[in-house]
Structure formats: C-alpha cells, structure tokens
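Both of the next two complexes hold chain A, though its partner changes from chain B to chain C.
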Partner chain A sequence: MNRMVPLAILALAILAFATLMLVIAPAIQIRSEAPTPGLKPYTAQQLRGRTQYVAQGCIYCHSQQPRSIDQAPDAERGWGRASVASDYAYDRPHLLGTMRTGPDLFNVGARLPSRGWHLTHLYQPRAIFGWSIMPAYPYLFERKEHAEPGDVVIILPADRAPKKGVIVAKREALDLVAYLQSLDHTFPAPTRAVRDDGYAEKGEPR
Partner chain B sequence: MTLTIGLLLGLSFFASLLALAFLIWAVNNRQLTITQHDAYTIFTEGEAGHPDDATTEGSQDEGGAARAHHFDTERAGIDAISRPAVVTLISSGIAWLAIGSIFGLIASLKLHWPDWLVGEAWLTFGRVRTLHLNMVIYGWLSMTGIGVAMWVAPRIFHTALRYPKLPIIGAILWNVGVAAGAIAIASGWNDGQEWLEIPWQIDILIAIAGSFFVLPLLATAARRHVKHIYVTGWYYIAALCWFPILFFIANIPYIYSGVQEATVNWWFAHNVLGLWLTPLGVGAAYYFIPKIIGKPIYSYSLSLLGFWALALFYSQVGIHHLIGGPVPTWVVTLSIVHSVMMFVPVIAVAINHHVTVARNLWALKASVPLRFISLGAVMYTLASFQGSIEALRSVNSVTHFTQYTVAHAHLGAYGFVSFVMFGAVYHMLPRITGRSWPWPSMIPAHFWLVVVGFAIYFIGLTIGGVLQGFAMLDVARPFSDSVQVVLPYLEIRSLGGAVMVVGHLIFAAHFLAALIQRDAQAPAAQPHDTRSAVST
Partner chain C sequence: MESFEPYEEFKPIPLPVLIIAVALALWGVFTLLDNGKAVTVGRAERSDQIADQHANRQNGAELFVSRCATCHQPNGSGVEGAIPPLASSPFLKASPEVAMHILLNGIDGPIRVGDATFEGHMPSFASVLSDADIVRLVTHVRGTFADRHDLLTEGDVATARLLAGRRGAWQGGQEIAARLDASLGPQPPMSSATQAAIDPIAQKLVSQGNGQTWACASCHGMRGQGSASVPRLAGLPAAYIAKQLGDYVTGKRRNETMQLVARTLKPQDMRRIGDYYSVMRAPSNARASLGGDLVRGERLVLDGDWARGLPSCVSCHGPSTFGVAPSFPALSAQHPEYTAAQLTAWVSGTRDNSTGRLMNGIAARLNDADRRAVADYLATLPPVPAPATRGRTNGK
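This part shows the complex of A and B:
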C-alpha cells in the first residue's frame, strides 16, 4: 500500500462491517423480543443494590448466564434453566460476567432466599463455607454496642462474632441483598426465545 | 426475522460490490504489488546489512556513549524532534506499569488470602483487579505503544514528526483521564462492563487526549518523504483510525441495554486487543526485528496478506466470549468462524517474524532488545493459536468461566505486547538520549525475571484453569471442588506474578536512572544539522 486515504477508508469499512454484524444486526434481533413473561422490573432498592453489585465488582467472579443442559450441568447445580435474551430486558448495564470463581447468580434469589443468610455470608463467607475464597465485606457493616430500632443484626457463629456489641448491616448491604434476592428467573422461557443453541440437538427442548 | 435476513443479504451484496470496486481500483493502481525492495524502507542509505543494537554498542565504545547509528545524520534530526513526546509517553507508560502490576499482584494474592486487606472498600478484590486491568491496558500498553509509534513512524516515513508538541499535551490529558478513571473505580463509580469500567464522563477526556496523538501521526504519514508506506505504517494508520471509533461507539451512554449491550461490550473488548494493542505490537515488531538485525523482513508481500486478513477476521471474533450464552446462535457462530480464520493472518505474520529471526540467530545472542521483541512475536503466534482453539465450542465448554482465560489474556497482552514494548524501549532510549543504559547488566536481569515469572504464571494458571473447568462440568462433584482444585495454582500464579513485578520495578528504576543521567551529563553527540529533517 502506497496510499494513505484508501488504506484508512478500507480499514474503516472493515470495522463498519464488523459493527454491522456484531452490534447492529444482533441489536435488531434482540430488541424485537418482548421481556420474558414473569420478568419484573427492579424496584428502587433492588436498583440501588445492583449499583452496589457493580461497585464492589461482583461481576469479576460471578456470572449471570446459566448454560443449557446440552453443554454443562448448570441446571443440576441449581443455577436455573438456560437464560434467554429476553430475561435481561431490564438490565442496564448487563451483568452477564465471564468468570465463575464463585457460582452463577442468575437464580440465587430462588436458591438462597434468606436475607439473614446473605448478610452473614457477605460479612464473612467463611462463617458459612470453610472452603470459600470470596472476599469478606466488613465495610458494608458496622459494629454497635447495642442494636437500635430498625437495625438488622447479623447472626454469626461464636468464633466470628465480636467480643462486645453486635454487627449490624449498613444500607449498602441491605440494598445488595435485596438485589440478590430479586435474582429469580424460575419462570419458563418462551420456546424459540433467542439464545445460543449451538450445543442443542435439533428439536430438543432446553 | 425475515426483515433482518433480507437486510443482511442486501447489505452483504452491497459490501461485496464495494469490495470488488476497491479491488479493481487497487489492481489498476498497483496497490497490491509490493516488492521485497519496499522492505528496505526502514533503512537509510548504507544501513542495511549492519546490525543496529543500542544496548551492546555502549560496552564496546570507549566512554560508554552510544553512537548515533552509522549513517544517521538525517535520522538523528528526525529523532530529536519526536524526543520530548516519546519520552513523555514512555515514562508515563512505565509509571502505569509499575503501579498497575502492583495492583495485579495484590489482586492475585487476595484470591487465595480472602481475608487480607478487606477493611477498606477501595482495596476489595473487585476494585483492585479492575484498577490493574485499566492501568496496564490504558496506561502502560496504550501510552507506551503510542510512544513507540511516535518514534517509529517518522523514521519509516523519513520525515520529522508533525505538531510534535500536541502529543505532550495529549499525554498529560490521557494521564489525567486514566488517573481519574482509577480514582473513580477505586471509589466504586464505574460503568459496570469489563474493559469499559472507566465512567463515560471521564472517557470524554481520554477521547480528546487521543485526538492529540492521532493528528500528528496522520499528518506525518501524509507528508512522508518516501512513496511507500512500510508495513508498520499500515498497522499504525489503521489502529489510529480504529481505536477512536471503537472507544466512542462502545462508550455512548444510555442507548444499550441487556444482552444487546453484552454484544457491544465484547465487540469492543476483543477489538481493544485485536485492532488496537495487536497492531501496535505487531507493527513495532515489523520495524524492530529487521532493523536490529540489519536485514529486511523475510517475505514482504506476505505482510500484505497478514495485515488485511487481520483486519477482516480479528474485527469479528468478540462474541466468542458469549459462547453458550443468551445471544443469537448465528452471531456466536460467526465469531467462532472468524476466530478460527485468524490462523491465516497469524501464520503470515509468524512466517515473516520468525523466519527473519531464525536466519539470524546470532542476533538473538547479541541483542537483548531483539530477544524481548522476537520472544514477544513468538508469544503472539502462540496466543493467537490458543485463542483460535479456545473459541471452538467443545474447548470453550471447559475453559470458559475459568482461570484458563485469564492465563490466555496474559499470554496476549503480556507475553506478546508487553514483551515487544520492553524490547522497543530498550532499543529506543539510547537513541533518544544519546547515552547508553547506565546498568547494562540489569537488562538481561529484567529479561530473565519476566520470562521465568511469566512461565510460572502462565503454566500454573493454565493447568489450574483446565482442572477448574473439568470440575465444573462434572455434575458428580460439588461446586466447591472447582474452587479447591484451583487454589494451589492461584498461589503459584502469585509467585510468578511477584517475580514479574520485581522485573518491572528494576525496569522502571533503570529507565528513571537513564533519564536522570541524561540531565547530569550532556549527551555526547548532538545532531549538528536538523534542517534536512524539518524542511517539508
């Protein structure tokens, strides 16, 4: 190549083509889908919790996209049916994740519905699972001499509990748990809903 | 659905017509015939045939001053003009490398010491890991890569850098942008998508800073003193057209949502590697390997194939990050096909780089910068082959969601791009300052530390990732198995990472010492006459 302008134009044309294929065309197809029946928009508290999920970087260890039974035993682990595009209609930003240092959370609200469990687990994961390598989040909690009215006190085993006083959840922790509890996609997906069916045998249900 | 298919068919027909017209034009204008003679563009008259290694010359010379290269009077003038911009960019990049890799080490340690440094929100794993990624990608690799381009581009265009003050302003703004982005991430304010964490409000500043780099380089290319654009120039010109557009489109706020946003996310994130860092790295290798050896690249016409195939295939691989996910099957398959097609450009580049080095193995012994760069080129080949195979559905089922991907990402961004940048900096700085490196024995020390450290890192994490993947696929084993099985390998990774960090700190200290030394003693040889370089 001895000419700069044609080089630049062709390079940009190739990028435009890639953008058409990977951004514009999927957008047209995905946006033509209605939200999955049963999917509810987030409440204000759940949205605040979602912001916490983003701020703490939960996405770097937890995915939110169970795979189909043809590919992996995600459903047998209790992570739920294979997710479809319309399950994410209210998600901004998307939190699909690319890592499973910890388990998939797309149905954690159905699998582990207890607020107390989540609060204890966030304060000290190893109080529940000795093998866990999840970080503890003590800064989402505070220690008080006595719980005040309205405070949510964390239940801890004796060796993890403070010597004096109680541990209560800050608002950030309560919001985050409200979001985790909202992660419940146990309603059925429409047949022919958009997802990667590259592993499915033809005509098999998912 | 019918509308979508009709639209796609119509567009692909239109695209084929355009491409055909372009091909006819290109053949008519002899754009596709490049000769081996064009590969000599990187040499000035009389230079070819003489190895050019700035790190060994010093020890041979009395007084330790690195000579300006033998026939270099015009080039010395060219280098003098780009010097302030290049030094600013590279110093910034190395500072980000030092800080960013310390954050990387902290993140690695936290994965197996989960109760370490948990008292402060900004030190939680999710933020430290993200600080590491943004600092090394947008700080270290981008700034150093642009700095190298600012130095190489004027040399292959045989003319001085135009608007040489703009990149300095750009570097300051870019540093402010990356630093502000880091502070935002540390305080919990981020856009929530991998590789796009820096809030879009701060991204505006980074985009403005970027234009201060693009303009001088394109202006220099437009006013070059040679007819032919050397292959490094294609990569640079294309990357500078691609990255601003990628960055802009991916950061538009409020218009994306749900899994549609995920396709934008991975279209962008993989193109940062494919259309930004890879051209910066491959372009630099295409210049430095033949320049240091003193002989042109093995098959220059093959480089044309390598370049256009990279543009065509690499731009569409991103959705292989969503295999088995809630996105349309066809777009996943499209990305898998393109991932496999990446064998074409990678083999083309590999033949050029590796055969050129293999026919001149003596040069590897003589030049540590060449050792860095050609090892980086080998890592590019390996990382790309690995990436193509990793995109196959059967392999991806095991490796997706595991540490294997992390190891692979480091083979590309570290083993390939960072190694090329290390070698480039070692080669360039004596040419920039006119003085040799103050502690020559520290260069091989840096080399062996990062090679050994990275070998431990990569091999350990790759094995751990595969074991983790098999544990997760086995329904008879509880999820905790996949955590416990990878744990020892996370510890090995921290060990390898620590060795790498030591190498980086030596590199940064050495670089600083070389800069300070320049101020203490006046350069031995200043260019006498820069007029030939600055006249247009």
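This part shows the complex of A and C:
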C-alpha cells in the first residue's frame, strides 16, 4: 500500500471533523441549557420506575419526542408541544426512542393521569383496547386470595378478572406507573430554547 | 526484485467529478445558511406569538368590547332582569379593588345594583386576562361608567391573583360588601336554597369509583378540570353528560376507556354524575397549544364563515360558548387537544351523536388550520359560570 501516512491522517481528520460537528458542537450548544422552568427532578420512586421503563423495553416501541405541528399532528393527538433540549435536563441517558410502534409518551402523565388505568393497561392492554398489540406485563402483578392492607388492587372487566381472588400490583408496576405519571411536559417552552425549528415557511404554524 | 509490485499511474480526478463535488459542497453550505435563517425566523415568530398571547396589547376599550360587551352591552346598560348594568353601578364607584376581585373570581349569587336585584353568574377572568389587562380594563370601565379615576397597579392584581386561585366565586353581593367595601350598601344575602347540596353518592362515584371501574376524578381531576386530551367536565349541562355516558354504552360515541367505564354505570348513576359536574366550578387550566391562529379562531367562533357554510359556534352553544342546556355543551376553557380530537371524530365517524347530526357537517367543512384555530381560541375563553339551574338537582 502506498502513502499509508497521508491516508491515515486523512481518515482520522474526517472522523475528527464528524465528531466535532455531531458530538462536540451540539454538546457545547446544550451544555449551558438550564432545565425548562416547571420541570421537576425525578423522585426516588420515579427513578426506579424509569429503570423499569428501560428494563421492560418500553423504549423499543415508544418515543419521548413530540414533533412540531408542521412535521406531525402530535399536539392534536394530545402528545404535547414539540420538546426542547432543556426538557431532558434530568434524563441521563435520555429515552428519546427511535420507533413509534406505540404512541409517544413524553406527556402521557397529562393525557392519561389515572394510576388505576395504567395498572389495568399494563396488566392486560387488551382489557381496554381490544385491538392493542402491546405486550401484557402480568409478571409485574400477583394474584392473591385477599388484598392485604396497603395492596393496590387493579380493576379488571368481568371477562378478564381472575375466577378467584384479586390481582394486586407489585412494587415494580407501581414504580413504573409513577414514572409514567411524571411524564408531563405541558409547561411552555422558553422562547430561546434549543430546538428543531423544522422547515416551516414564514407564517406557517409550528 | 523478483516480483513486480503493481501500481497505478497517477491520473488526475476527472473534471466532471470535481464539478459535482464542488456543487455538492456549495449546496451543503447554502442549505446550512438557509436553515440558519429558518431558525431565526422561527424564533422571531414564536416570540411574537407568545407576546401576542400573553401580553395582549388590546387597550381598555378593546378589552371591554371583546370580553364584557356581550353581556353588559356596549353602553354598559346591562339586560333588565338578567345582567346588571355597569353605568353608575355602586360596584364601580367603590374602590378599584372591588372590580378587580370580581374579574378575578367571578360572582355566583345575588347582587343589588341600583333598585334591582340580579342573580349573578359572572365567570372568572383570571385565566383569560393578564395583570396588565385587568389594570387597563378596570381603569377603562370605572372611568367610563362611574367617573372614577383612582388607579390600580399590576402589583395589586398579582397579589390578588394568588388568593383568587384558592377561593371560589363571590357568593353574592353581601360577601363582597362584607369582605371588600362596606360602601356598597345593603346587599341581598345568599339564600340557602341556591347553595347546591352536594350529592354524597355522586361524590363517591366521582372521587373513588364504584369498585368496577376507575374513578372519574382519577383522569378528569378532583375539580373536573381535565388536562390535554381529557376533557374539562366542570359546568357542562347535566343532561349532556348523562347523554354522553349513555351514548358510550350504545356505541354512538366511541372511546375504549369511556365505553368500559360507562358500561359499569346505571342510568341513575349517569344522571347523578351529570348533576354533580354541572354545578361544579373550577378555574380554567386550558391553554392554546396547537399553534392555531387566534384571530381566525375568534372570527369563526363569533361570526362563522358563511362562504364555507360554517355557522358561528355561539349561535348554538350560546353567548361566550357557555353552553345551552340540555343539548349544547359549554366549549369555553376546554382543552384544545380535546376539542380538536372531537372535531376530527365527527368526520371519522367515531362520534356520531350530536343533535340533528349538526356537528358532522360542520366538522367536515373545517380544514386543519381552522380546526386548530377554533380549538385554540376556545381554550382562551373564561370557564363557564355556575349555571342558573344551580340548586335544582335531580330535577331531570
């Protein structure tokens, strides 16, 4: 092989340039972003739930990045305004997701605030939506003959309820739901926030 | 040298390839700059939009026309037997704090103006008017109708606003006179008959559920305010709520969650829940959030667009879209995500239960931008005041 040294230098230079533009420059850009006013740090329970969110693989089918109105009607779906960098200030790592097999969850706490609803839905999504393709998570729950004090009994329609006893939520399920309920970014984004401005023409809504 | 190492002779890059490379690079730089402009334009537009919505630049007279004149009339004469006059009203002649507190909390009870007594049903404007708006409006109204010119400051409004969130509407003139300004003279007391008796069965259904389904309040909130796609229920007509629950059972209105809930409710439960929410009063937590054009929205809501066969919302849903019982729900202070979703549902057929199927046709004639404009504008209106049917529970 000829000219080994120039070739290696060129290859490294191209990699360095890409790193500069795609990693270092954006990092500098968002490093100084303060959390969006109104954003709260996670509680211990919500953080445990966040671990469940990762462990159960929710991220494979659910995104956490609503788009602006000129890219998709996410706001009209109730998924919330387009997210900005500072909305993820307490997310390390972020859970943006890449697929929308299910709906975006960045504002699921505002759209579906009920703990009871989420517990039923996690235990058996098809108890609510007959057409749902979401997996059920029955192992986050257990069947008991009688609910003990402090147990959270989940509500099930008659055809899904156990013949005997009750279904109660395990701690993992309660943590996960606490995390889902905390996903509420309905406060306004700061005007100067770092965000995707899309390609909307002047005068179009965004 | 035993083996020959093959090598390529130096050949320059062909000219067309060079030209393409340079062209691509130029295109990249141009796109970068062009996109940079989009960012600047986007930011400027967004700050304008926010400035328009939050620091409404209307002056006092314009605010009066758009917010007050529908009921109190442009000349402040009110409507005999229904809406108290503003002209020479003792409430305006009193200290400016009285008008401010009334705007922030609304009135829900009898008041005496001049020689007449009115059953007061004024909405709270706390969610609608900024501190500066209230200062301008109070100054204009008191100057015009009561010839009083002492001033209110934005600081006064900000302080009062903190308290306004915690207390409900003023329970009639007597409470206002006692708490704010004794110079208002004798005011009628709040009669016990108009104070709604809270139905304990409905309250339990709403806050704890019936054991077979989730509690209403777990999604719609303890005060029936809703959020995002979950509708506000506070102040909707009782018969309307009961009808919707019934329609979920028959499938004329489809929503998986609500259909599951409604199937566990007996018809009398539905009526109880309707009655319970119809007399509930809660501050608005709705905000324009779909990027809709609020000016266009206001025109569609107040005047409609007859060129496209769109009647105004107020022609059926009543002045200020506060609803007309039993069939037409209040639209004001509703969450724009919910309003827009319903307008879409009438087109797609998942909802087919409006009176005379009126909404199917109207929704079909709204385009995307108009739908967002209407939904956003309705979210900026004050919440419905307590209905006149208050106290007459279980009458339907």
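Criterion: the second predicted complex is superposed on the first by the 200 of 206 C-alpha atoms of A that agree within 3 Å, B and C clash if a C-alpha of one lies under 4 Å from a C-alpha of the other, contacts with A are read in each partner's own complex, and residues count from 1 in each chain.
The rule is simple: contacts are C-beta pairs under 8 Å (C-beta built on N, C-alpha and C of every residue); 3 or more make two chains touch, one makes a residue touch a chain.
Everything numeric here is computed off the predicted structure, so don't read it as measured data.
> Which chain, chain B or chain C, ends up touching more residues of chain A in the combined arrangement?
So, of the two partners, B touches more residues of chain A.
> Could you tell me if A:G38 is touching chain B, chain C, both of them or neither one (first, second, both, neither)?
neither
> Check whether A:F129 is in contact with chain B, with chain C, with both or with neither, and answer first, second, both or neither.
Both: A:F129 reaches chain B and chain C.
> Regarding the shared-chain residue A:N107, is it in contact with chain B (first), chain C (second), both, or neither?
Only chain C is touched by A:N107; chain B is not.
> Would you check which partner chain A:P162 touches, where first means chain B only, second means chain C only, and both and neither mean what they say?
In the superposition, A:P162 contacts neither chain B nor chain C.
> Pick one for A:N2: touches chain B only (first), chain C only (second), both, or neither.
both
> Kindly classify A:D91 by the partners it touches after superposition: chain B alone (first), chain C alone (second), both, or neither?
It touches chain B, and chain C stays clear.
> State whether A:I28 touches chain B only (first), chain C only (second), both chains, or neither.
After superposing on A, A:I28 lies in contact with chain B but is clear of chain C.
> Considering only touches as defined above, state whether A:G80 meets chain B (first), chain C (second), both or neither.
Once the two structures are laid over each other on A, A:G80 reaches chain C alone.
> Of all the chain A residues, which ones make contact with chain B and with chain C?
The answer is residues 2, 73, 76-77, 129, 197-199 of chain A.
> How about chain C: which of its residues touch chain A in the complex?
7, 35, 38-39, 41-43, 45-47, 50, 209, 211-215, 218-219, 221, 227-230, 256-257, 260, 287, 289-293, 337-338, 340-341, 344, 368-369, 372
> In their complex, what parts of chain B are in touch with chain A?
Against chain A, the touching part of chain B is residues 1, 3-4, 7-8, 11, 15, 18, 22, 25-26, 29, 31, 34, 110-112, 114-115, 118-121, 124-127, 129-130, 188-194, 218, 221-222, 227-229, 234, 237-238, 241-242, 245-246, 249, 256-267, 271, 275, 304, 308, 311-312, 315-316, 318-319, 321-329, 331-335, 393, 397, 400-403, 405, 472-475, 479-480, 482-484, 487, 490.
> Taking the touch rule as given, give the residues of chain A at its contact with chain B in the complex, in rising order.
1-4, 6-8, 10-15, 17-23, 25-32, 54-61, 63, 65, 67-68, 71-73, 76-77, 82-85, 87-96, 98-103, 125-126, 129, 131-139, 194-199
> Which positions of chain A touch chain C when the two form their complex?
Those in contact with chain C are residues 2, 69, 73, 75-78, 80-81, 107, 110-117, 120, 128-130, 155, 157, 186, 188, 191-192, 197-200, 202-203, 205-206.
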